[in-house]
Amino acid sequence: MTWHTIRRKEPGLPPGTLVHTGEEKSERVNITIMAYNAETFEERQVENIADCLPLKENFTVTWISVDGVHQISVVEEAGKHFDIHPLVLEDIVNVNQRPKMEDHEQYIFLVFPAIYYDQEEETIKAEQISLILGPRFLISFQETNKDIFGSIKERIRNNKGVIRKKGTDYLAYALLDTVVDSYFVILEMLGEKLDAIEEGLVNAPGVEILRSIHKLRTNCTFLRKSLWPLRELVASLERSGSNLLQDFTRAYLRDVYDHVIQIIEGIETFRDMLSGILDVYLSSVNNRMNEVMKVLTIIATLFIPLSFIAGIYGMNFEYMPELKWKWGYFTVLGVMALVSFFMLLYFKLKKWF
Amino acid sequence: MTWHTIRRKEPGLPPGTLVHTGEEKSERVNITIMAYNAETFEERQVENIADCLPLKENFTVTWISVDGVHQISVVEEAGKHFDIHPLVLEDIVNVNQRPKMEDHEQYIFLVFPAIYYDQEEETIKAEQISLILGPRFLISFQETNKDIFGSIKERIRNNKGVIRKKGTDYLAYALLDTVVDSYFVILEMLGEKLDAIEEGLVNAPGVEILRSIHKLRTNCTFLRKSLWPLRELVASLERSGSNLLQDFTRAYLRDVYDHVIQIIEGIETFRDMLSGILDVYLSSVNNRMNEVMKVLTIIATLFIPLSFIAGIYGMNFEYMPELKWKWGYFTVLGVMALVSFFMLLYFKLKKWF
Amino acid sequence: MTWHTIRRKEPGLPPGTLVHTGEEKSERVNITIMAYNAETFEERQVENIADCLPLKENFTVTWISVDGVHQISVVEEAGKHFDIHPLVLEDIVNVNQRPKMEDHEQYIFLVFPAIYYDQEEETIKAEQISLILGPRFLISFQETNKDIFGSIKERIRNNKGVIRKKGTDYLAYALLDTVVDSYFVILEMLGEKLDAIEEGLVNAPGVEILRSIHKLRTNCTFLRKSLWPLRELVASLERSGSNLLQDFTRAYLRDVYDHVIQIIEGIETFRDMLSGILDVYLSSVNNRMNEVMKVLTIIATLFIPLSFIAGIYGMNFEYMPELKWKWGYFTVLGVMALVSFFMLLYFKLKKWF
Amino acid sequence: MTWHTIRRKEPGLPPGTLVHTGEEKSERVNITIMAYNAETFEERQVENIADCLPLKENFTVTWISVDGVHQISVVEEAGKHFDIHPLVLEDIVNVNQRPKMEDHEQYIFLVFPAIYYDQEEETIKAEQISLILGPRFLISFQETNKDIFGSIKERIRNNKGVIRKKGTDYLAYALLDTVVDSYFVILEMLGEKLDAIEEGLVNAPGVEILRSIHKLRTNCTFLRKSLWPLRELVASLERSGSNLLQDFTRAYLRDVYDHVIQIIEGIETFRDMLSGILDVYLSSVNNRMNEVMKVLTIIATLFIPLSFIAGIYGMNFEYMPELKWKWGYFTVLGVMALVSFFMLLYFKLKKWF
Amino acid sequence: MTWHTIRRKEPGLPPGTLVHTGEEKSERVNITIMAYNAETFEERQVENIADCLPLKENFTVTWISVDGVHQISVVEEAGKHFDIHPLVLEDIVNVNQRPKMEDHEQYIFLVFPAIYYDQEEETIKAEQISLILGPRFLISFQETNKDIFGSIKERIRNNKGVIRKKGTDYLAYALLDTVVDSYFVILEMLGEKLDAIEEGLVNAPGVEILRSIHKLRTNCTFLRKSLWPLRELVASLERSGSNLLQDFTRAYLRDVYDHVIQIIEGIETFRDMLSGILDVYLSSVNNRMNEVMKVLTIIATLFIPLSFIAGIYGMNFEYMPELKWKWGYFTVLGVMALVSFFMLLYFKLKKWF
């Protein structure tokens, strides 16, 4: 997904038609289940969503993690078992959604991008995360097999922190928090690139700096596009009156909200800095050019009149009295020296060098 | 309709005077009727609006689709039979309306543009769609005979999806959704053009890139102008308390709203990117120019002093001792070589090449 | 009135002092009275406002149209007879008011500019229209004798449309609508100028295009300055709870509001386009310049080394072995040809032509 | 006070410490008292604030006008007698306050700048006006002895207008109105400067225009900085529910509000125009430069090849057959003429002149 | 902390994990306690937070000032004794927080940066101040041992002003006010730099001005980033309904709010001015360049044709009649003088000098 991909299902299809619009990013779809309560926990790889339904009864939280959304049947099955609105299912497979939060009473639907930096293409890439947050279950969909939420799984396995003591809302918060935290990593990296550009500007302002500025700016635009709706998402989640959310979790969501704001402000500052850097770059290029032109001008204006004088006495007229003079040659050399001196003086006064 | 056409009826005419302000885009006005309920459906071409009134009784939904608004009498007839406010009729024939939604209690009036891309002129064009949404009927007006809503007609004929089970509000949603979906197609196309420009920038930054940027920018401006009021239209339709709209449909309207927002954000991102690309383009042109100038400067500053030396010894003074020297000529050649060497060294130190 | 005239009465004068601040645009002040109801109507030229008071009793609407506000006594007389607040009277004669609407319970005060295009000076000019809308009377003030509202007078005389059947509020709407409609004419004209500029850009980008852009931009700035408060005026008029306004009229005011918004959006689009056109213009000029410089550079870098070679053999040293060679001259010519060839090859590789 | 002076008391001092932060603009502090009611009036110069307390009993309004705030004791005395909050006193002597209005129940505190144009330095300067509006008294503080409110004193002395019949709120309005009116004078002056710049642009675009643009822009920035909070001040004064303000006065405050808005819009328009003018200026300079370069290019590209030809036949080879030809010289001259002709033709085709 | 440092704890750690993210700015952590009421006061250096708990009983205010947050155990201990939310503790040690205010009922948490100017690096630096404002205690955390609040400690020791008579809210206000006041110092300093740049622009517009502009702009961006959330902080503190705040203090908070607004407006004005200065700078550089080019053009266009004439008569044709003429040489000199004269005339007419 590059920054302007908005591929969508064909216009005219009835709403709720499930059509996967992204690239197929993983070969097969993995379904992992983590069911837990404060005391015990169970982790399992299943083939069908249906396999996890029994677990739902015995644990306070059943987390169904689906890696890969290109297999429509899996999403449809989840939709059937958990009674999900067809438009929600459409949004899950239609992978370039704008971050948003929808409260469907029985469940809350969250969709937002997890981002990572592609070192080769030097661009930020994203995959879509969809969460369906029910009273005792949470279904997460992601496009690839990347272990984005590995640290959370670890915390559940090792009963680290409060996660095992809390409900699905805290789990959803933890997933969201992990994704938002990874934005800081990207931000830090963009900041380093910005520093590198600024440094390069001082040392050797070449044309490749322009490309770096453009690339960085594109990345900022991409991030910014996701972040503003992400901010809305977190705000409306925190403020929602849904009884799927407990007050305990709300305080943590407010913390996530602060982080999103901080990232947005970082991006805005980057954009501001970039436009300042561009100004400096353009002026530097201009200044170097001016310096070059000044040398040309000095040399040319100095020698053009002198060459003209030499040209005069190179003419072959039969009667040119100066040519016969004993000191004619040296007089002309003297005149040339004088002309040079006054021109240099003039340049000096004009502060050309 | 180009982007700034706002042709209107003459100032001073009484309000409610019906004057068609667009070009006549189709030769004759077609009136098609699709009447349906969950079980049965009927499709008919009629001559007069009056011909469709009997159908209204027997079906839950009667869709009267009028292709061509330049024949004032048809619009007037519709106005009379369905008791439409004269200002609404004026807006239908006055084809460059701003997208808007008006709740007239007995019916809701929607007007918005359907857009398509004119490959020849490389501009986005639009035709105005007007919808009058009543309790059991929906009248749609469009300017041309283009089969914009073909896929929906197909869904009605084949009883595909839920459309036949729902009322006029769902039909209106379906029409609106089809139009909004077609914006994505345009957006995708503009995105491809943007990519092409960005690529061209790297390979060969010529003057025609500037024209492409300008054209793309104009198209974005055109789209943007329609989209902001379209956003308002969808929002106020969804939020309206009108009992012509059922809750079932509202969820779908929210979906359309999300799409419009997504398109708007896409356009804004394009504009942002375009201004970045323009900066890169201008700098590239500048850099190429500077390179050219640098070559000129190097050649000129190198040879101007040498030519001067040659000029000195081309003078015809009778008494020029150097000319008699055995090695005079080779000494001068040596001096010239030395001067060149030091100048090249200077250029090297200045990092001119 | 040019776009920045804000001439005002001297600071320090007590509020309510009537001082006319505009140019005297008409020689004498004309007072025309049109009194009407659905059945009958009367039109009269009077000398004093007092002359129209008897008519007020017999008709539902008495429209007193005052052409020229430089005669303070007329405005004062109107103020006395209709009990108008001194600040309102001050605003009427103080002609460069910002469009605004004031609800004074007994009457509503509206002030807004009517604009027209001065072909000679190529600028938009304005004159101030003030309306005092009472329960059975409407007083309109304008600065000149221009027949701005001729079409409305015609409609009253001929009983065309609903105007004779409605009250003073509908008349006020009709006057406002006429003025707003005339903005569309100006807008269309500016659009044509924009097209002309865009076309000129393609054919021959000369310096006069810059002046056209600047002129157009100034005109847009002028219009924009009036339009935003005009929008407020119409909105607050429509939304006001005053019982001088009937629901019937409100629907029409909403229509006017839509028009104002449409004009504002048109202007904003123009401004956006103009800044795009300026970018294209500046780049075009730059490109032309670069082309010129490139020719200079090619010619200069080609001939400067050749001239140097010729200069070498123009030296008058006694001992220059090459000069004696039989084929010396032709060898040198050959060397020159070779140098030219390689330089042209280099230019070709650099894609300079 | 230049536009960015924000000198303040040292950080860390307890709040309410009175430290005068401006320059000492007058030698001594004058205290003038004007006490009046509808029938009678008294004017007096006093030494101490205490001297005016007896007057307060006999008149409806006692206006204590203090010229000069650098003498802390006077402000402290006023604070003690009228029971003013220490932070208010601090704001009075701390002269670079942002315009604001504070309702302290017993009194309303207003602070805003009076501006004037310093012809010598060509900048707008300001002095701070503070008003304490009580039920029967009004204290005004200003920094200098300038007779800013002379016209109001005159109106009180001569019982002109309604001022003697109204309370302290109307007096406060009158003072505020006088200051706001003086902004129009500055605005008009800036407008004239703008016109002068625009005219100069057409005739002779020199470097001093750039300085004028910059100066004007700085002045606009300065004004704008004061005006936005001034707008807030007037709005919150008008809307405040304080019973120190009568409805009669509120209408007049609304008028002042309109004026402030009008001034703000004027300034914004100026800024907009200035950036347009800067564009035109930069392009004009560019165009002139291009013209100069074109002449250089034409001359240089014309003569460089010709000089080369002359150089060829200036070589001293023993065997150069052309030199012996009878018509050699004239042939060469002919060739040169031909070359010139074709080059001029090429320039003509390229539309270089 | 430079302007874009947003280093954070590793993504994936459970929330509430205390990880210090800043540099270790002081060697050891100092804990100072100042406990006071109107009559008496006690100051003490302690090792553990626990040591100060007894004091809390005997005094109305106990201020625990912790210098250095890199020692996690101290913060944890404070959290345990005063029952602080883990996310608050995390924010205290996670030192690059966005300024914010959180009302936790038992206490209010404030976090904001104190700034100072690093003369060596010519950048603004910041350290994070965290305040926990409880009913009878206030804990302040800062990163370094800098005596930021020395003047307040002095006021407490000497019982200066009202500070000893008031509660913890007034103390919090005093700390906040001290920090905000120090922003004015920075602002004043930036203003001086701006003046220096503006002056340098007039005298000698060199490339180092560009760097100064860029540096100043970066500093403004940095300040601005902190100030907008600081404004929110103060506003929500003042408006909060918490009963930890007394009305007496609210008036003082409003004063702080005014100061923050004033600083923000100052910064915005600086940014505005800087972009104006950049325009002037770029144009000045351009103008100087044009002047240089004009001299080149004049010299070159003047001498190129003259040199060509000299070149003609330097040719060695055997038959060149002019060469034999007695006055040939002087005629040519005369022609050259004439050509020069007309070219200079042309330049004069073109206003090139």
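The first chain written gets the first letter, and so on, giving A, B, C, D and E; residue counts start at 1 in each chain.
One rule holds in what follows: contacts are C-beta pairs under 8 Å (C-beta built on N, C-alpha and C of every residue); 3 or more make two chains touch, one makes a residue touch a chain.
Computed from a predicted model, the values in this text were never measured in an experiment.
Chains that count as touching both subunit B and subunit D, per the definition above, are C.
Under half of the residue numbers found at the subunit B and subunit C interface occur in both copies, marking it as a different-residue contact. Subunit A and subunit D have Cα centroids lying 42 Å from one another. Between the Cα centres of subunit C and subunit D there is a gap of 26 Å. Residue positions 286, 293, 296, 300, 304, 307, 311, 314-316, 320 of subunit A are each in touch with at least two other chains. Taken together, the touching pairs link the chains into one ring where each has two partners.
Traversing the ring of touching chains from subunit A and stepping first to subunit E, the chains occur in the order A, E, D, C, B.
Against subunit E, the residues of subunit D that register as touching in their complex are 3-8, 10-17, 85, 87, 97-98, 100, 102, 204, 207, 210-211, 214, 217-218, 221, 225, 229, 278, 281-282, 285, 288-289, 291-293, 295-296, 299-300, 303-304, 306-307, 310-311, 313-316, 320, 322-329, 332-333. Partner subunit A is touched in their complex by these residues of subunit B: 150-152, 155, 160-163, 177-178, 181-182, 184-185, 187-188, 191, 194-195, 251-252, 254-255, 258, 261-263, 265-266, 269-270, 272-273, 276-277, 279-280, 283-284, 286-287, 290, 293-294, 296-297, 300-301, 304-305, 307-308, 311-312, 314-320, 350, 352.
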